[in-house]
Amino acid sequence: MLITELAQLCNATPRGGDASVTLQSAADIMSAQAHQVTVLSDGKYKKYLKDCQASACFIAESLIDGDAPAGLTLLVCKDPEMSFLVAVKALHPEPALDRRISRQAAIADTAKLGSNIHVGPFASVGQHSRIGDDSTVDAGARIGNHVGIGKNCRIHANAVIYDNTVIGNNVIIHSGAIIGADGFGYKYRDNQHVKVPHVGNVVIDDNVEIGANTCIDRGALGATRIGWGSKIDNLVQLGHNNLVGKNVIVCGQCGISGSCTIEDGAILAGSVGVADHVKIGTRAVVMARSGVSQDVEPGAQVWGSPAKDRKIAWRELAALAKLPELLQKIKQLESRLTKLEE
Amino acid sequence: MLITELAQLCNATPRGGDASVTLQSAADIMSAQAHQVTVLSDGKYKKYLKDCQASACFIAESLIDGDAPAGLTLLVCKDPEMSFLVAVKALHPEPALDRRISRQAAIADTAKLGSNIHVGPFASVGQHSRIGDDSTVDAGARIGNHVGIGKNCRIHANAVIYDNTVIGNNVIIHSGAIIGADGFGYKYRDNQHVKVPHVGNVVIDDNVEIGANTCIDRGALGATRIGWGSKIDNLVQLGHNNLVGKNVIVCGQCGISGSCTIEDGAILAGSVGVADHVKIGTRAVVMARSGVSQDVEPGAQVWGSPAKDRKIAWRELAALAKLPELLQKIKQLESRLTKLEE
Amino acid sequence: MLITELAQLCNATPRGGDASVTLQSAADIMSAQAHQVTVLSDGKYKKYLKDCQASACFIAESLIDGDAPAGLTLLVCKDPEMSFLVAVKALHPEPALDRRISRQAAIADTAKLGSNIHVGPFASVGQHSRIGDDSTVDAGARIGNHVGIGKNCRIHANAVIYDNTVIGNNVIIHSGAIIGADGFGYKYRDNQHVKVPHVGNVVIDDNVEIGANTCIDRGALGATRIGWGSKIDNLVQLGHNNLVGKNVIVCGQCGISGSCTIEDGAILAGSVGVADHVKIGTRAVVMARSGVSQDVEPGAQVWGSPAKDRKIAWRELAALAKLPELLQKIKQLESRLTKLEE
């Protein structure tokens, strides 16, 4: 694709260099070479522009200051990140799957498949399940009984969707994710843990993405819900009856116990833990490795274990670093005091 | 099922309302509607009883105080939690599997299957393995060679049981769980990590449940053992040669390094880590997100990282919160002292 | 195998006992019985030698002091750990697989398989993928399209290798590991998280071992790389564009965000978290459960969350334990001071 063509596709204006060069791929600004396009969207990478070997670079007007090499075509645009994102997709198109239902898949006779469905080898779809148009079930994935999957979904290889799960449109579920296993609930009676039956399910709304090897347990009664557009990373544990709102971000290895409410737009950074029955408010941010045991206010930013307002937590942390020398100082004060008392 | 029938099944006595109403399902007290049964077992939910829309509610005599709506039949019983558990099972029976060995499964010629076994499509059972009566191996699960599985077990879809694993009766293993992979052991020689051969196995006793995507490694020599009735949640890492006792609870995302002993009835809350060769005593409780590096006494309750007696840990935590203002106070004391000294 | 034969195989010299005894298996020094061989390599287990029931024991000259039972043959050698390792392999040989490509596997017509390949039932290999001589793909594993796998690799049951992954020789990938899923990257625009396309891949060098249910995400652009001889434990999250050097050790449940550099020989103990764009230097050690948010110097040993030099962190920890009584002491000092001031 010519630089000019890509510029047009991505709402950018070419400036300088040779815009008739052909682009073959995309790369980051530190490693990009001739015939590659890159992006400069963050001022802290500006130092790399001077020696950039790429043929073209998306950039906002505000970051241009004449430092670019002569051979580099600047692709001036309003939102370089988004323009570059479109460019990456254009230059690296996903290879077209030869879409078909593998003869080595097992589709139950009562399952209903839409049009243009792809099912890989050794995938299986259980009784009374429905899969919408243009959806893909990759090799070895298991779709249980009475499962509903919307349109244009992708269930990657070896993912497992337990019975009665409901999944909306445009949902991506990565390999090894387990949706709808029983929650972890027992009653201790007569020297044994008696299993609490889990007769609820998991309901996943449109445009959700769920990472590899993440587990989302079914509700004991009622549903565990993941709202519109929320994104869950790899190896996350989402327990029974959690209610996750819209556009929520849950980073890798988070663990959310059960019956929690995570409101719209909240962000949980990596390895955050949340205790049972906790509510995390709209657009709240829980910083990495925090343990949340109490409700978090909308918009709050919390850190630590147990998590508290991040400024307070950091003040405590800074004070702790001074504590060893403080112990010395107190001793000195005490001996000075004793001397005065004598 | 009529309220009267359910009451009889669950050892409860109907009081008030219309006990001839038909029940269709179970729900929690906040969301239950007509033709649903619910439960009130925890005083803190008592406020929801007054406006409860359910047709029936399990309740202990001690929680009744005349607040129930006229249309609600109280199901008075000794143990509302257990009565409700029985009710949930009765009202939400698991749909009967059409039990058979799928023609799309791969059963080794030397494998021995009991009666009434169900094997899903694309499940495979290796050489010399044995599966007891009434057990189920779901789609895509892999049972290795020389594996023993008892009666009435359920191995969910895409779980993997490595060679030589021994599993008792009534064991549930959820999807994606990996039982018997090699432990993580190397000797560093001549600039490389030489793999320690792992020739032990995993032995799981009766009535154990193992969560989705949990990993239990085989012993290097000898076995990694999970005792009778223990329950392991999702995404847990249980390393080589750990010995887990009876009725132990291990919550989600715990990591137990290796050669540890977790004694009967111990509870590890979510995301707990345990270092090598540590012993956690009978009925000890390790609170969420703790890191245990030393033995824990029977019955002890520990918290923190490194974990210590929870009261001591909390006292330190409370003191830490006062530390920033303490720094100020020390400065004031010092200047007052200096003034006196002058 | 006779003790004399094993001694020869393992570069050890038999001393005492009856070296013509037949050995059947290996065990640790506390549980070894007659006809078993064991090892004493760590002085702290020396107390078990006196009552050791094994028939033979690898031991270094320096640990011998006449305490061994009369019936025990000492196998004197320079490196007891390595000699024992060889002995374990010799006494517990892996049963020979009946190597073949299962008729129940799905191999794409454009895939190229080397010689002596084993592919289990319900494993699938995608278009244009290549697998080197002597490699094994176990039951249910999924090898995507355009994947390269070297010689003598083992991909265990139900592991998933996404498209375009490149794997060297002698690589072991345990069950449930997911190699090459999309990294976790979005741009927030117009009230939604827009997915960043991930067109990079994962490149794994020779002699790497990857644990069960570990996830290694593909690069957004370019590769996520795991260097020669590195060993990754179970349930680890390795995000997009991380560069892991040679002989690195990453223990269970670590989470490495993205674009990090982990240099040669570094060790990350269990459940360590590493923030984006961090560099961990050569042979640095990050202790268990630490959270690393800034670069770690080569050879440094760090602990805590946020991680700092371990000696400093421990000094703070020790000081924290004294803080509650310090609060008392300050109060006393203050009242003494007040008295003086009056």
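So that you can tell them apart, the chains are marked A, B and C in the order they are listed, and the count of residues begins at 1 in each.
Please note the rule applied: a residue touches a chain if its C-beta (ideal position, glycine included) is under 8 Å from a C-beta of that chain, and two chains touch if they have at least 3 such contacts.
If you're wondering where the values come from, they're calculated on a predicted model, not measured in any experiment.
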Just how much do you need to spin subunit A so its Cα atoms sit on those of subunit B, in degrees to the nearest 5? 120
Copies subunit C and subunit A - interface residue numbers shared by over half, same or different: different
Inter-centroid spacing, subunit C versus subunit A (mean Cα positions, whole Å): 26
Residues of subunit A that touch two or more other chains sit at 122, 140, 158, 176, 213, 235, 253, 320, 323, 326, 330, 333, 337, 340
For subunit A, which residues are in contact with subunit B within the complex? 106, 122, 124, 140, 142, 144-145, 158, 160, 162-163, 176, 178, 181-182, 184, 186-189, 191-197, 199, 213, 215, 217, 221-222, 235, 237, 239, 253, 255, 257, 273, 275, 291, 293, 305-306, 315-316, 318-320, 322-323, 326, 329-330, 333, 336-337, 340
Listed in rising order, the residues of subunit A that touch subunit C in the complex are 26-28, 31, 79, 81-82, 85, 88-89, 92, 95, 102, 104, 120-122, 138-140, 156-158, 172, 174-176, 207, 209, 211-213, 229, 231, 233-235, 247, 249, 251-253, 270-271, 288-289, 317, 320-321, 323-324, 326-327, 330, 333-334, 337, 340-341
